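Each chain carries a letter (A, B and C) given by its place in the written order, and its residues are counted from 1.
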Amino acid sequence: MRSEKLASWRLIEYTTIAVEITGSIALGLVVAGSILALLGYDPARGIFLLVFGGLRNPDYLLSRAAFIAMTALAFSIPLLAGVFNIGGEGQMYLGGLAALLAAVYSGNAAVAILAGGLAGAALGLIIGALKAYRDVNEVVSAIMLNLTLFYVIVYAITAELYDPVAPHESIKVPKGARLGVIRFGGLKLHIIFPLMLALVAVAYYLLYHTKLGYEIRASGFSPKAARYAGIDPKKTSVYSMVIGGFFAGVGGALNVVGFTYYIDNLLTCMYGMGFTGIGVALMGRNNPIGVALASIFFSMLVLGGSRMQMLMRVPKEVADTLSGVIIVALSLPYAYRMLISYIRIRRMVGVGAEQHS
Amino acid sequence: MELSSIVSLFILALSPMVPLLLGSVGEIIIEKAGVVNIGIEGVFLLSALTSAMVSFFTGSLPLAIFVGVITGLGVGAIFAVIGVYLRGDQIVAGVGINLLAYGIGVIALFKTWNVFGASPPVATIPKWVVAGHGVSPMAPISVIIAVLAWFFLFRTNTGLKLRACGEEPRAAEAMGVNVMRMRLLATMLGSSLMGLAGAYLSIDWVGQFTRQITAGRGFIALANVAFSGWNPITAIVGAFIFGFFEALAIYLSISYAQPTLGYVFRTIPYIGTLLVVMIFRSRGRAPAALAKPYIKE
Amino acid sequence: MGMGGSQPAVEMRGITKVYPDGVVALRDVDFTVRKGEVHGLLGENGAGKTTLMRILYGEIEPSRGEIWIFGRRVKFRGPWDAIRQGVYMVYQQFSLVPAFTVLENLILASSSMGRAKLQDVRRKAEKIEREIGLEVPLNARVEELSVGVQQKAEILKALMSEAKILVLDEPTSVLTPIEVRELMKLLSRLREMGITIIFITHKLREAKEITDRITVLRRGRVVKVVETRDVSQEELAKMMVGREITFDITKKAAKAGAPLLAVKDLWVRDDRGLMAVKGVSFELRAREILSIVGVAGNGQRELVEAIVGIRPVEKGEVVFSGESITQMPPSEVYRRGLVYIPDSRAVGLILDFNVTDNSILTRLKQFLSGGRILWSEARRYSSRIVKEFNVLVDSLRTPVRHLSGGNQQRLLVGREVASNPKVIIAAEPTHGLDVAATEYIRSLLLKLRDEGKAVLLVSTDLDEVFQLSDRMAVIYEGQIMATGRPEDFTAEELGLLMGGVKCEAKS
């Protein structure tokens, strides 16, 4: 009796995933189409543009994907350890700012990206340590930091770091520190996309081929068993937050130093990317490779949305929300399955969270 | 600072206190039953939206308040179905509510008023004037609600049943309590209070509906729950303290009317909240069965 | 011993329960209990005793069969329904809210059957306490009470709901011998008052002591219903297991070697910060099995966790093979050849990891090169374990969650034993396993001992302890009461020691 059960689990797993993905896409498209129809637009044309419109500009598409993949990893990796990192937004802002300053002062792109990563990592460390050693709910501390950093950085750019020629933009990343484009044939591609692929590979390797990755996953699944094996779940959760913060910071840095080359004073180039990273992470089922694919898909939606804006006069917010709907539809089934059999998200409040796991 | 400024600050603190207090008390009821709803922010936003819309189109304040409360109740019911009956992850569902609410708010702003940032002003509740400042009747009402909630939770048999669901649902079930139903009702009740808070935001305090009307207050209310040790009475004190931070920010913005510095002042409530949760460990114990879905065998 | 002439208190006829996955838990069971008697329901783990009672209680629906209470046909929709009709079941895990006081728990229970005012509940509780001679502090929080008192509170709750039929599921498994004696006295008093009692147990001694009649279950079927005074323990044992059980397993004589593990004056705190281990010292030698015997919750787990390094040591020293390993991290301890098989598979294994991942859980370092995990080596080790210990699995990549309990235990035990350790600490190694798996594990432990290793066995199963140990150490409230060979202890001395009463030192 047992062996039939074992043989079929894999079949069930894969079928479930396939059904989930197709079902969610269908559901998302239906809902999005209904919203369009509700608002008086042509749903069929709108959906087509939304999904495929982004393919016109592959360079832009992949570069946006690079960015969002980083914030998605920033959420995924701590989640595997059982920590909810929604501070990706703030970590990304600070990373972008740190990268900008480092680029200006050092003139070197690598230094800038490293600076961005470290800034994000520092924030991750704060949130992680507060949670592990002082029982501070990581959602609350993350949101507080996000909101604080938003205003502080806006202030910094508006009051100090603005470009005299264009006052609602920050000072620019110097030419020597910019990550540029590579060209082959007649095509061009920003370097940040291959960079992102490399970083995703690093994340995958870290999670599945290193001691730390093993410990992170173990602590997330069963803190008690982890402790039995000599792993310290608290320390591991802090490490996971540091890594997550690092990726978010790098994301911000890649955007600033590799694509936009400045920050505008309302942070619109980065706004909301931390939160959408969460959706992308869930879409990619918390697996680095899945995240890479999901971020490309997401990027398609974003650019398709702009296309929709342009050709059908659909306002930006509506396009954003439509993308949101599709993302939610794709993430919900995984999110729903998450507590049923997989990771136990640590208790938010209360002392001795490990005892209750 | 002169005395009159301090008094002003205290009175100014009453306004932000109301949504924080109502949100915290609502969440305390929910968490005492064993459920975690971090979508407080989303509930605030949605009920602020619906009350503003009702007030705008009908001009009837009682109806607007009612609709706001009902919105909270409805969202709470949906959340409870997902998190309690379907046993979905309550944290993820809560985050989802927040994101979804934001999106709905944006669409609604566009569809109803054709704007992207803020709605036109709507009718608001008349205020009392105390020492030169407007104070809403909701301030004392929210305090009374908090006291009533304390009485309900700790001095009635139904409250006892509710708390049993949060501590040891297996035992509660064995003693005849329908744990899932109690958790559903608790969530609906708590979310109604959050709905009331949302209504307050748009039709009482701010006077319009904006995209950013909640400004993280839902999370500050969440911090207050742990800070107050899951006790509605101490939540009053906590809500007042957090409200004070916000009043301070507003006061400083007005006094030093420099637009860029205003950004810095606006961080005061958030930094203040962060410092408070860092320094003061949560008193009292969380309900033992918090956020654990109850699985009947 | 009153026997109400007319109707039996409980009559269950033709009860059958088949689970959706095909497991037959009960097969055509007839169960009758006379009014006012104490009736024992005897059987091994998995015989179906608890399932039968849960069907009576309305928690589980039978696939077939009928139930009569006092001559009336009933079908309870749930525990509250049963309680309202006078049936009350006391589980091994009490249905009390730990954070509430006893009185609050009573109010909670009463309010589910109608309005309950504080004074009324208190008055009624005090009245019952007087009549029965129960003493339960009403205003104490349940979590602060000892297990024996908690059980009394649970029984008080039953009496408050006017229970006429009381079902007790393995009530003595968490009690000290003295508390067991008190419980027996209490049950006699209740019987005098006319209350019918159903006593579920797998312990032959108790069944003989307290019951009037016994129904023996084996693999979901009724073997026989007997009058207690007409039957011996050996006959009951044979009915329970279905064959002659040897009370003595063939064990080669003990020839202990050099000391491998020494624990010196160890003090350890528990999760609440109280001292759980208070100055424990002992020595474990090669080629011997030393058992730590005691009722669960007397510091055994804290002791073992401290030895292995999972828990901090307040005072004292642990020496392994001449090296002080006090406060060494567990991975280091395991690497040196001291392994630990915990009492829960949810702790020893990560259920969501696959077989290979779990195989390297306790010795990651061995499979690392630089920072890289050598998965090919891991897979090799993993298939060795699966082969040597007969773990039934079709692929190493199967999540361990999908394995049966017995196979999970084989994996867990195999993983630790395959690393060729010098000392094995095994906590409750056969808990919840069927007879075949139990025999396998026990003979494995004996084999390890004969090969020259040392085994520290922590078990609450006295039969197991007597079968396997060369020496025994009784633990009570964090202290070793006495050490000696199994032959040196009479049953009564053992009971007293486990209950905290010191005798003269043995050895």
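Convention: a contact is a pair of C-beta atoms (placed from the backbone, for glycine too) under 8 Å apart; a residue touches a chain by one contact, two chains touch by 3 or more.
These figures come from a predicted structure and were not determined experimentally.
If you tally the C-beta contacts for A-C and for A-B, which one comes out higher?
It is A-B, judged by the count of C-beta pairs in contact.
By mean C-alpha coordinates, which chain is most distant from chain B?
The chain lying farthest from chain B is C.
Measuring from the mean C-alpha position of chain A to the mean C-alpha position of chain C, what distance in angstrom results?
47
Please work out the Cα centroid separation of chain A and chain B, and write it as a whole number of Å.
Each chain's C-alpha centroid was found; their separation is 28 Å.
Mind pulling the residue numbers of chain B that touch at least two other chains?
285, 288
Looking at the complex, which residues from chain A come into contact with chain C?
Residue list for chain A touching chain C: 1-3, 5-7, 9-10, 208-212, 214, 217-218, 221-222, 224-230, 341-342, 352, 355.
Quick check on the complex: what are the chain A residues that touch chain B?
Against chain B, the touching part of chain A is residues 35, 39, 84, 86, 130, 134-137, 139-141, 143-145, 147-148, 151-152, 154-155, 158-159, 275, 278-279, 282, 315, 317-318, 320-321, 324-325, 328, 332, 335-336, 338-340, 345, 347-351, 356.
Per the contact definition, I'd like the list of chain B residues that touch chain C in the complex.
Touch list, chain B to chain C: 157, 160-161, 163-164, 167-168, 170-177, 285, 288, 297.
Using the touch rule from the top, collect the residues of chain C that touch chain A in their complex.
Touching chain A from chain C are residues 21-22, 271, 309-310, 329-334, 340, 342, 346-353, 357, 361-362, 364-365, 368, 371-373, 375, 392-395, 398-399, 401-404, 407.
Name, in rising order, each residue of chain B that touches chain A in their complex.
Touch list, chain B to chain A: 31, 36, 38, 86-89, 91-93, 95-96, 99-100, 103, 106-107, 110-111, 116, 215-216, 219-220, 222-223, 225-226, 260-261, 263-264, 266-267, 270-271, 273-274, 277-278, 281-282, 285-286, 288, 290-293.
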